[in-house]
Amino acid sequence: MSTSKRITLQQAAEVIGNGSSLTFSGFTIWRRPFALVYELIRQKRKGLHLIEVNGGPQTEFLVGAGCVDIWESCWVGHELYGKYGANLSRKVAEKAIIVEDYSHAEMLFRFAAASSGAAYAVTQTSLGTDIHNPEYDMLGRAGLRDGSNPHIARHKYRFTDDPFFDAGAQVLVPAVKVDVAVMCVQQVGEEGTVRLSGQYYSDPEAARAADITIVIAEEIVPEEYLRREADRNAIPTFDVDYIVECPFAGHPTGMFGRYDVDGAFLKDFYGRTRTQEGFDDFAREWIFGLDHHGYLEKLGWPRMMRLKANTALNYSPREPKGGK
Amino acid sequence: MSTSKRITLQQAAEVIGNGSSLTFSGFTIWRRPFALVYELIRQKRKGLHLIEVNGGPQTEFLVGAGCVDIWESCWVGHELYGKYGANLSRKVAEKAIIVEDYSHAEMLFRFAAASSGAAYAVTQTSLGTDIHNPEYDMLGRAGLRDGSNPHIARHKYRFTDDPFFDAGAQVLVPAVKVDVAVMCVQQVGEEGTVRLSGQYYSDPEAARAADITIVIAEEIVPEEYLRREADRNAIPTFDVDYIVECPFAGHPTGMFGRYDVDGAFLKDFYGRTRTQEGFDDFAREWIFGLDHHGYLEKLGWPRMMRLKANTALNYSPREPKGGK
Amino acid sequence: MEREYAKPEEYGLADLLCCAASREVADNEVVFAGTGLPMVAIMLAQKTHAPNLKLIFEAGTLDGRPPELPTSVGDARCEMGASRSSGLYDAFSIAQRGMVDLGFLGGAEVDEYGNVNTTCIGDYLAPELRLTGSGGNPDINSFARRTVFIMVHEKRRFVPNVSYITSPGWRVKKWPGGDFVHRRELYGSAYRGGPTAVISTAGVFRFDEQSGRMYLDTCHAGKGPEEIREMCQFDLDISRVNGETKPPTREELRIIHEVLDPDEIFIPKVKKG
Amino acid sequence: MEREYAKPEEYGLADLLCCAASREVADNEVVFAGTGLPMVAIMLAQKTHAPNLKLIFEAGTLDGRPPELPTSVGDARCEMGASRSSGLYDAFSIAQRGMVDLGFLGGAEVDEYGNVNTTCIGDYLAPELRLTGSGGNPDINSFARRTVFIMVHEKRRFVPNVSYITSPGWRVKKWPGGDFVHRRELYGSAYRGGPTAVISTAGVFRFDEQSGRMYLDTCHAGKGPEEIREMCQFDLDISRVNGETKPPTREELRIIHEVLDPDEIFIPKVKKG
């Protein structure tokens, strides 16, 4: 390769400017690029527009830290380790954040359209719900649908009828406009080929939808190794702009074949961050003044070894389910 | 499993009634379910509506045999073994077939929409070409767009503008309506899980778009074996209705990892079937009066062993390129 | 095989919910299940009367046969024994394509027409409490032939009008006006059915497909129809009550507590004696 | 490294076309190539001045590095050394997403504005000859930043109006009326460029992006501008001729005939002496 795609975590965070629209790999509490989320918080990033197929702890951390102005998605919580997104909920009550609700499939189809270069997607999901209530177009209410913000469509939805087979009402949802996608994966090659293991969630769509894609991998492996079995790779080189090697980058979320979700950590976060003071306290303890290695040291070897997946099972038989 | 999906080639052909809309796995001269194509010709199937992402020798055989009334696709030929589809060309000149032209990406997006349950797809391809010429809507000209044929949309295209980001003119193409997809693959499990090797072309979309999917595999393998590595499987059980074990079912087309294209066979077909008499003669020699084993015997062991792929290379280093 | 039903003191409400939900599945059906109790219920069905059901987890595993209960639909355990492991595009495409027979879902509020809310409590524009949001609830509910909701029964949750229709019931809003219409009118050729049951901690509720109204089908042990009507803010139809909800069998309880959820993550054990 | 150009007797027209086409590629570009001569040209570039080009084959291999020339884009050889092997949805999505720098295509007829026909000769509704149809020609040409066509030069193929616009040039038809407009007007935000070169057996032709008209850039050895103008049915602009097409180098010829196509499947060898 003529130019290396390798950068550091710090540099990766710097790629994401204030006001960027941003998305992540993973699903709820799985494969979220936490090492970078922490770094964004340390760098005090502001005005982010998160566009996520679904949210999770990474949303809660960024929202709690005040990095996010707009969140477009369908769900936030910690699965069985925390029923809902308390930080988002607090900011919504304070009107300190704009939340634009779509359904899960709508968000997915919006990413799929963007990744395929289509202007919008056609679906029949969620007809008749308040997700489609025109009064609840929050970006519209905020006056942000005038075409001046390149991330925001002129309409939340359009409705039309199927002209071809009289299939009835159709919902049109705009393709997402994402500046940066940050992926947290098992393996990336030196040139950017990504091999995912287990469910790949909506990662291929997210990587291609974004203008810039940063891959944070447990390990950077020889490109040649991945190319020996091309049909096992999920994301090709030209979808990837930067790569970072960073083991355990997903903690406290889990990664198939590598480590489990740290349920106790998430429970602790969920329990302590109902208030802004609680969040700030948690951030002082676990984010500020640490780098990724400092964070891992603070977590400690026994904890990380307990989370480590058994490579035959792809999960940890040692980690108690439910974070108990 | 409570009920077996196994059927014979003869039964598989019987699933496809006169007037069915039909599609196939594969790409041009690769992985086409020829054993079944031959059986359809033997059973003198009539009035088929072929809807193909792209055509190939299978199109030429079925068209030459008079099985096809309507062909919707974008390309037919034999790659380097025959420049164009001489049988289709002859029937077009005789107005004995209706050809509806779309672009390759349009056909693919039409299948993708159908497989995803969407009524139509949105694209910007082929704008300004005669593919979009309203005078060239051949199903429309034939009076078939009145809604009475469940396979045929009311419009070949619709045009609209992007309402969301002012991206300009958009082409809407209807989802395909396919009664039966016939796949020709390397491995299928007893319950229908399909593992493809190499490029998978548009097979997952075709299998899901169709109402009934028949999988013809080189081998039926234990379902359990395929389920050990779920992320390597391309088509899940509930997309598959019937399975047939039939080695060399793709001949004269090729199959990644199993056998090469029989270029000499295709060249011979291309050379001999410019006229209907030529086709009929070819069919008497290679189709009628034979079953699949008879066909293989006629081809003979030396020929088939020469085509057999080297399993490290996935193609045959013995088969001369170009069918010489 | 004769069913050996457990006695009231041998099971808890979560056991009853789980077993009642499990019985909604027929063998060979394609089922979409979310994290939590729905996942336990569906895996219970898979290990009892519906061994050939085909399980879809939203995060991307198709026809899965996890030997052990996943902690969520994104868990590594989901992938074990699956026909295909992929992603959300596959899962939602299959749903929109009309291949899903049954969806298992949850909710915070439900109304008489099966509209469910998981988005917020109170006015959406100034909510008392912002909840998780929709997740795949409306998507599965839009496309599956039948959906079953599992809910905690509190009077504040069974309301005439939910604060926010997250997931479409039988009588839904037609935009832009917002007038209520039968879902059949909106969904066109994608209309395949709708909510068929709500299984709460009080009883099992079903819907009249024509009127779209909820009615009480069976009462859980110890609850009477009138009492249950009192537990709803709307005027619950109790004219079609069909006795008591069948209790869990001892075999079902064994599978729940010994095989599926021995660590009591989703379903607590009732201490015997 | 100094280029050692071959002498006229050492190469044939197919060699010249292949090398001229190959030089249209810059290193690190994403290139979409069809079966035949385009495939040889692009692999020649990969093995000479553009080792980091990223090759897409329509059937579904991304960033491929076949050690040996595939016989078609669906060939097993395409998959070797690729970053990802998948299917058409991936390939066309990448194109529509705007990630393709260059497409290499062929054609049966071309007009002065770069519109190309691969569908039929004569009236579409009663054709003299039905050809293969579009294949991915219009799709790649719609979405790539630049496209290069490789064609046999015959007067009947260089026409004022092609029988059927299969693949969009610079001046295309606006439907439903069919008036000609600049492609920029139609493609909106998907406008990224268009045909940049036609490499025929007579010369290399380019296009003025503003007017969309073709002009002669270089003549192949032994052909003069006037002679080439005579080989077109339209009035070819020869005012910008820029000398002779650079011949193949000996190294390029060696790669074509010893590495890529030793069996002369696509490019015949010129017998020396």
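Letters A, B, C and D name the chains as they come in the text, with residue numbers starting at 1 for each one.
Convention: contacts are C-beta pairs under 8 Å (C-beta built on N, C-alpha and C of every residue); 3 or more make two chains touch, one makes a residue touch a chain.
What you are looking at is a predicted structure, and each value in this text was computed from that prediction instead of being measured.
The pair B-D is the one among B-C, A-D or B-D whose contacts match those of A-C for more than half of the residue pairs. Should one ask which of A-C and B-C has more C-beta pairs in contact, the pair is A-C. Between chain B and chain D, the centres computed from C-alpha atoms are 27 Å apart.
Chain A and chain D have Cα centroids lying 41 Å from one another. In chain C, the residues touching two or more other chains are 61, 79-80, 85-86, 89, 92, 95-96, 143, 190. Touching two or more other chains at once are residues 117-118, 123-124, 162, 165-167, 198-200, 231 of chain A. Those residues of chain B that touch chain A in the complex are listed here as 113, 117-124, 147, 153-155, 158, 162-167, 170, 172, 174-175, 177, 196-200, 231-232. Residue ranges of chain B in contact with chain C, taken from their complex: 1-2, 115-118, 189, 191-193, 208, 226-227, 230-231, 233-239. Those residues of chain C lying in contact with chain B across their complex are 27-28, 30, 52, 54, 61-65, 79-86, 89, 92-99, 143, 190. Listed in rising order, the residues of chain B touching chain D in the complex are 26-30, 53-55, 73-77, 79-80, 83-85, 88-89, 92-93, 99, 101-106, 108-109, 112, 123-136, 159, 162, 165-169, 198-205, 254, 256-257, 260-261, 263, 309, 313-315, 320-322, 324.
By the touch rule above, chain C contacts chain A in their complex via residues 35-36, 57-61, 69, 71-80, 85-89, 92, 95-96, 115, 119, 124-125, 127, 129-139, 142-143, 164-168, 172-176, 178, 181, 183, 186-191, 263-266.
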